[in-house]
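The chains carry the letters A, B, C and D, assigned in the order they are written, with residues numbered from 1 in each.
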Amino acid sequence: MSVVVDVALLAFLAVTAFAVMKQRNLFAVAMLSGIYSLLCAALYTMLDAVDVAFTEAAVGAGISTVLVLGTLALVGHEEKKPARPKVLPLFVVLVTGAVMVYGTLDMPPFGRADNPAHQHVAPRYIEKSGEETGVPNIVTSVLASYRGYDTMGETNVIFTALVGVLLLIATGERRRRLWSADERNGVVTEESSEPGEDGDG
Amino acid sequence: MKILGLYNYWIVIGLMMIGFYTMISRGNLVKKLVGLSVFQTSVMILYISMGKILGGTAPILIEGRENVVYTNPIPSVLILTAIVVGVATLAVGLALVVRIKEAYGTIEEDEIHEQDDVM
Amino acid sequence: MDDRVILRVGAKILIPFILLFALYVQFHGDFGPGGGFQAGVIFAAGFILYALVFGLGAAKAVLPPIVAHTCAAIGVMVYAGTGVVTLLLGGNFLDYNVLAHNAEHGQEWGIFSVETGVLITVFGVMVAIFYAFAGRRRSEP
Amino acid sequence: MSPHLPVLQVVVPLLAAPVAALVRRPRLSWLVAFLAALWAFGSAVTLLHHVLSVGPISYHIGDWAPPWGIEYRVDQVNAFVLVIVSGIAAVVLPYARASVEWEIENERIPLFYTALILCMTGLLGITVTGDVFNVFVFLEISSLSAYALIAMGQDRRALTAAYQYLIMGSVGATFIVIGIGLMYVMTGTLNMADLAQRLPAMEANRTIPVAFAFLTVGISLKLALFPLHLWLPNAYAYAPSTVTAFIASTATKVAVYMLLRFIFTVFGVAFSFDVMNLDRILTPLALAAIVFMSLSAIYQPNVKRLLAYSSVAQIGYMVLGISLASVLGVAAGILHLFNHALIKGALFMAMGCVMYRVGSVRIEAMAGLGRTMPFTMAAFVVGGLSLIGVPLTVGFISKLYLVRAALEQGMWPVAVLVLVGSLLAVIYVWKVVEVAYFRQPIGDGSIREAPLSLLIPTWVLVLANIWFGIDAKLTAGVAIRAAQALLGVGS
């Protein structure tokens, strides 16, 4: 049963991801990526990662979608160019994918209890966290105590994101006109296409 | 049996490739960021798949029961952090896109390059 | 205005429950899925819903941006401050065992304190980012 | 020394960031940032001293023993990098005050300093940690703040540069996460020392090489290794002067450190070079960077962009040293990491002075500055000489070690290419110097020398270039000990 659901969810995910790539109306893309997150959340629940599922649903389908929609309201929602395949990106992606597949060949099979990842650090969390921290949810105890420092970093990451967003678009008013630094002093402004643009080496 | 055991990973790799391709091949700046999200989310699925133990249960201790198999909590913990990082990156990226639109009047990569070359 | 009455009434009914649910998620995080981060997002979602239905101005009157920014900064300080307190009490950084007379209570306090920090920051950041995007005027092409 | 210094080194700046945001006054937040940088520098020097005299420190955060908890581990290598990052921050911040007031609008300044401290915090956190996932978390702190800081440039191209950096940086970070995940699935641990113990048992496994490949490519994106450097030139060219000076001399250096840490400590020199043959990829790429990027630098009409291309070439020198995988080679890489931070810091700060007075850093704008801004241009000349590698400067020491390391392995063509890189540096430095000293000043002659608040920090770095160029015993000694520690040979 769970295998069927698992396979079906992954198939839906693939279709959605493909639609995200193909769809040129960005509002639709925003909704599709929200759906993608919800499907992921469902998959995480199947995979016993309930905390992650909860977060993905709240963040991926909620906050991210709101942010993308808010941006689209400011920048317009039509992707202009008809998408045509590009050779170099396709090559890079295929190589990356092939390398990944090669890497999975010796990976421990999905879901086995004797996989090395489940043998080393995790058992102590499962056996001892109850008495060591008194918190039944192991994810919470690892997140907030054993690896609490990571979570402090994470809190700082979103604080950094806020600082970045405020620096960029804090005031309702448009920022003063951006100049090419050269205009200001009347020094030559002619900037013909620079040789070496984007590294011609 | 081995192939079936890896099936999950391969689909996820496919998802990753779609996201990565969307990100590096599209010219629209918002689309690139959505591609990035798909790419990152797919990596998260990969992590969560690694943590799953078939027949296990969510890693929340059940009192008074022995021999319960719990799924590995570590990937969950890492991915919770990664989700936050993902949305943080998305927010900064979108703020940049808003500013680029204001400065250039477009969010299409090739049109931006054209303008910079003329300048 | 009148045609949005269902939306307005609906939102007014929903928002208290959303905020309540956020608190439940915060405090139930020890026992079930949830925790500071999820609670912060849900808490922020309640405010964002308010802003969407009643307008950005009304939301900013309830929760001025400056408060949201302050929340974001204070949450980080609560988290790192917990670590500093454990240092002052003679433990390592973020060693919650020293926070109370025995280790288990100490852990409980420590986890509670850092989860609160996460809640405050996430709430502040999410609302402030929403304000920043929503308050920006559309640029002329 | 307080036993908690390794963690306080990072936590104090981390706490200073929200304080700087809360005070909301430009001057006050500058002060907070400056104090944070001073604290970081002081503790880094203390840590380095302690590590050199006593030995590596391991600090268990939360008092959970590794690999269950997160470990901070300070040894000869990262203590040295900590000193570089925090030292540059401590010099750049006094410089920042005037420069930032001029380039950034007043209401943004407090947040600007907040982002600057966050960037430093992130870099320090990456450097000091002994846990691979913690690396990723702090990497994102430093990257996100760097994207925002770069976008603060006055030219609108700063925005597109920041966006491009965000895209490439995020790909890099995601690759690093994939690599970490693959290592985790095979070993079940995230602690570096623990990984180093468990990985050798899996040499015949096909997953570990893939993890290695993803980590290397991801880090190479962050350190702008040719040909993954595309984000760097525009980002350096259009960012505010302070940001360029800080990021150019720290961010890529920390990325180089990450590369060192992963290939030597986590995977081990035997796996990286004998099994994966990393040198066969890194050496040609490093040489290509040195030659092609130096050539590109010659054609740049914007001096900051010219220096940015030169940075990609200089990263080539560092990677070249690492790819030799000998004590002398790795030491040369680490030494150049330090020296190049001094060189580029001084050069970009000199350009910041020019920006402050002239408002442009295009080559034509340098005309006559040798007369109107003598101290600034003198700083540029000394920095330039150091970049070329003239004796009595730090640049010479780096190249000396690098050439010796190459000759030690009989790779004389490599040594020749290092010297060719220096010759190319002569050309692009000369292009600027010629315009500055042999052309008539343009404009109405109102251009004056930069204020002392900019000149003094610039000259501090310039003098450091000479000081460590004459007396290289300290830096070279530390670099050699660091290299020995990384390669695991007698120390």
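Keep in mind that, in the parts below, a contact is a pair of C-beta atoms (placed from the backbone, for glycine too) under 8 Å apart; a residue touches a chain by one contact, two chains touch by 3 or more.
Computed from a prediction, not measured in an experiment: that's the story for all the values here.
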item	value
Chain pair showing more contacts of the two, B-D and A-B	A-B
For chain B paired with chain D, centre-to-centre distance based on mean C-alpha positions, whole Å	28
Chain A and chain B: spacing of chain centres that average the CA atoms, whole Å	3
Between chain C and chain D, centroid-to-centroid distance (C-alpha), Å	36
Rounded Å distance between chain A and chain C, as computed from the means of their C-alpha atoms	21
Multi-partner residues of chain C (at least 2 other chains)	31-33, 37, 69, 72-73, 76, 80, 83, 93-94, 96, 129, 132-133, 136, 139, 141
Contacts with 2+ other chains: residues of chain A	50-51, 55, 59, 63, 67, 70-71, 74-76, 100, 104-105, 107, 115, 117-118, 121-122, 125, 136-137, 139, 143, 145, 147-154, 156-162, 164-166, 168-170, 174-175, 178, 180, 191
Residue numbers of chain B (touch at least two other chains)	20, 24, 50, 58, 60, 74-75, 78, 80-81, 84-85, 88-89, 91-92, 94-99, 101-103
Chain contact graph, described as a line, ring, star, complete graph or other shape	complete
Complex contact set, residues of chain A against chain C	50-51, 53-55, 58-59, 62-63, 66-67, 70-71, 73-76, 131-137, 139-141, 143-145, 148-149, 151-152, 154-156, 158-159, 161-162, 165-166, 169-170, 172, 174
Complex contacts: residues of chain B adjacent to chain A	1-2, 5-22, 24-28, 30-31, 33-35, 37-38, 41-42, 44-45, 48-63, 69-81, 83-92, 94-99, 101-103, 107-108, 110-111, 117, 119
Chain A residues within the chain D interface of the complex	99-100, 102-108, 115-122, 124-125, 145-150, 152-154, 156-157, 159-161, 163-168, 170-171, 175-176, 178-182, 184-188, 191, 194-196, 198-201
Residue ranges of chain C touching chain A (in the complex, touch as defined)	25, 29-35, 37-38, 41-42, 44-45, 48, 69, 72-73, 75-76, 79-80, 83, 93-94, 96, 103-105, 107-108, 110-111, 114-115, 117-118, 121-122, 124-126, 128-130, 132-139, 141
Chain D-touching residues of chain C, taken from the complex the two chains share	69-70, 72-74, 76-77, 80-81, 83-84, 87, 91-97
